[in-house]
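What follows is a set of notes on a single structure, which appears directly below.
Letters A, B, C and D mark the chains as written, and numbering starts fresh at 1 in each.
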């Protein structure tokens, strides 16, 4: 199927060689272009965005208010339908407890486990969605595959524009001997709203998820800097390779259906503007960002970061971060002038400049930019 | 014999390219499964275990009491028949001396050398085995190849269920010009109890050890994080490759004997639940764990770790660790709900989840899971 | 076009494997030579230099006085025509503000943005060039591609010997829909002075820039230790590979024109005498140095380093350094006896010794020296 | 000439892939052996040694007294004929000055430059050699290629057993336009004592040095942990590959001469017993050790280390170390029981154990042991 490196780790036991985003980089081509001639616009189904951004559904960075701010800045904010905002009428005390447990350091995972022990309340899902709709932005919430059947009716009747069904690993074929598993294909066929589903880790899973009728597939297992999925479960998805494989699935599915284009949304250690550019260059249509948004003044956890899996009751697979001071508003982080050179503000302005300096006009063209492996240059802080 | 990478390091001098467990990881396949449908059971000879765990015979973590606790949690505890529990009627003062020499740091290796200078007492072997048998768990002790001939009669008459003959490196063909070497094949043929033997480092040694009639072969030289076998002796066994090679020997021996299945037990830097999953994914039937058990409240050395070779009188090949606070009971470490995301508790619950998320029902199936090389993602503590 | 490694990062998505200077090293051949028989001379157009050195146009290290000192030591000093010396009649207060903001650490990038907000004054360009000319050294200034059309008349009438047109990435084909882009080929054809232009990142861009009529092409995007072009823009140029590719373009262009030799000037993390030797060994004719010159007592920023892109108003792509104490004069740094073994003084004396120990008489011969990849030996400071 | 990896770093510019000792390791074979049946003996010309050890001619570790102690322990001590012991009648004050300049840290290189400014005195060469001869050990001194013609008569008439001609890089063909270069071949032909010469970096240089009539060739440029030859000169010699290449030259020269066996002596970052085993496994006949001997109580610089090149008057290429406390006598370091597991004592006892555990009887057999690349396991100190 491919000439990609296959390694024989021992006699007759093979592994594929995968590449992470850090290992891949962009090479300028022979043309340059004016920044004013560059567009970073992204459209999925009927929804158009100025920037190819979907937020992670992490309570650390997404409240209804930040989801609205992201929407106003041109991206898609995704609220977790199974997070603090739907477990608590007022999640303020829960956030405060986490921040106090943190002090200047990282809050213990056990504190997250405790505040997430509170059950999800369907009427809060309804009111959170209403709050976002009323602001006039494209509205989206995330639900886990396990609770999709139970929570979807509430979510849909509240009126979301895009539904995100997301777990660490989602397959099109969940096998169970106890009761009935969610049949994604049938479920999606019955829906009126487009669905984004994932994460997927390779060509096959991505292709099968595309065949469920999803509008977008999330690639990657959300392995950000604080993730420990690798340490806890031995599971690792080299993201550059996973994106490229999913882009191949997109092409093959396009051919197989005679024209259905399913979007590939990259999710992993995408924490700088450079990483955003790399992910799109490898073939993604958009990126799912979480951790970088904690630098926004509006971030509800005050600069602390955790991914949803950090709160798992029996097997947390992600750590928490210490708080950082805000670097500006949501808009500043995404599009404002940067006052530092660390790739963590003006995230999408930087993308536009990379496109200009390599001579590409739009994201679809930019997916063909030249790539190089090697020559990683660590930054010195001094 | 293989297409595995061979490197010409200089003119006509070749080396094989080996991979360590850290370098290999698991890729989710297109199917997922309910955790309740997954089994981590392992059976060797007539003995069945809920989890594929053999302990390292290190006095740092295995006392008769912890061996019993491991057995009750579903694994196999292995007491060192040449360790502190068979050198001292009451090993308490020896442990205390080590802990006091450690303070908040790591105890000097010289202190280990001193407490291990006391001779082994056969009657203590008998009473320790009896203590474990009386608790009703599968009973096992480890003896070195050098002392097997001398100590085996005592061990066997005390009634062990499984005998572990283990040194850093054990071969089926030990050459000596002085007296007579232990003939493993004849020795094992005469025994009534199944034998686990090792460590072996490659296909050939593993195959020859299988031909001795052993029920299980230990692969790896016990190179945990504190091991210095590489620095002291220049010997290194990239564990992922060694496991895969031994699994190939297992297949070839199965074919050669028309059906004798010898178990491959991986021994090396297996210190997280992720590493356990990787070792089994590479082809191991079970793992030999030592260092992670020091987090158990019952660990006799109070959270300090050392491997047996650290106490060698002339050439120690392993360091000692500083103490760590307990993270729970032996059962908690192996199966309890984790309150941190570091892969060091709920070790085998995590394995079951990995199997579920990749769609496998049992360990034998799981040995076929897809592997990937590359994309290692370091965890940030912040 | 080449047998160089191409990697399939995912299905049908390829990347080239590039090598950084750090990864490549020089292997002594079977001959050695007396240092007195070695020449490091470099000639571009009518200008001859004792050492193959072009300075970075960074205000951190190049004032008119240091440009003169570099010229007197045998290299080419390049003043930034869009830097502090042409924005301020007396740049002293601007430098002091940066140094005070630094204290013992690195000054914030925002301070640079502020001092560079002052507009460039054409009459200062004239007077700075006059100051350098009067000292009798070869005179050169740098202008950005965006401002070349506007500032070149002033620069040329002030009488520079060599014009440097340099941006992070410069292409021979800049596309714009707004107004007219600078046509480098026509611009250079009309000039009486030779032009050095860059940076270029690969064979194609280098070849196209050679075809503009430039006397020299800068290869690399200036990615020094403090650069964050990779983090901010996802752009990386493994320098050893980029130099070798540009040297191939030089050969092909020489053939295509029947004899026009365009010089390749390497620009990147060249911060030690070892890196200078590596860059030339990979095929460069000269190196562009910035950061190492901050060790000179005459460096105007008192030992602080920043590259021009660190001052960008919206997207800075480089950090700043803390100050270091001076290690000697400009002459000492370039050619004086070293009193430490860190490769940061006697930069070009070391080059001569490398050439002698590998048996080469001049730089053109030295470009053929044997190279090795691997075996990087980190230095321990203890 | 070889299938060893050749890498195209850029268009038509190639580099060989070399391996350092750290990257290569030893794999146990299917046989083990008793330690008592193992011999580490080495014979060069008429001189037999119990251990394959030649010391670096560094004043940091070799005085006449330590040379004698090394000889009594079974190795070959080499005194620097151009070091402190031949520049000063009493080198005590020079050593004291270095130690005082060090304090608890590393002494500045400039202090070395100052104490080495004193000229070499031929009559001191004579008396130092006499002192070593009188102790009854095999006597050897090192002279640089530049001073061989001048100092050799004094050295030879004082009665050395083995002459070491050593510089960082020595070639069989030194080209000069000023006066006459030393013709090694004619020089060695006229001598009555065997000569060891080096360093050489590859197959060709090693072969040419063998053809000079030398009894032994030193391979490597002395790149120990404190070396900065790479940083200062851009020169690097991946040692595992260089040893293997020199061993190939040894075989080819043996064939070409119908039986002259020239010994390969490895010199580089060989600082642990593991590295000694690796170097011999790659094909060396003996190792040249310096830095590890500073742990001996007799080391004249009190635990500080520097290589000869650190004292170079214009271009030092090595740093200095902070002092370490003694770990025992010269004999203890080489052969005594180790009280720590860091591979820095019992250096040659460990070699014997590695040979036993891999089943080899003598060094010549051991050169065929299986090697593996990869799986490097860093040691944690905790």
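Basically, contacts are C-beta pairs under 8 Å (C-beta built on N, C-alpha and C of every residue); 3 or more make two chains touch, one makes a residue touch a chain.
Note that this is a predicted model, so its numbers are computed, not measured.
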item	value
Rigid-body rotation angle, subunit D and subunit C, from Cα fit (steps of 5°)	90
Same or different contact residues where subunit C meets its copy subunit A, judged by the half mark	different
Distance from subunit B to subunit A - Cα centre to Cα centre, in angstrom	39
Inter-chain centre distance, subunit A versus subunit D - centres from mean C-alpha coordinates, in Å	56
Sequence positions of subunit D contacting 2 or more other chains	19, 241
Pairwise chain contacts, counting only pairs that touch as defined	A-B, A-C, B-D, C-D
Residue ranges of subunit C touching subunit A (in the complex, touch as defined)	7-20, 23, 105-106, 108-110, 113, 168-178, 201-202, 204-205, 208, 221, 223, 225-228, 230-239, 241, 269, 310, 313-319, 321-322
Contact set on subunit D toward subunit B in their complex	1-5, 19, 24-34, 36-37, 203, 240-248, 272-278, 281-283, 337-343, 346, 349-350, 353-354, 357-359, 370-377, 379-382
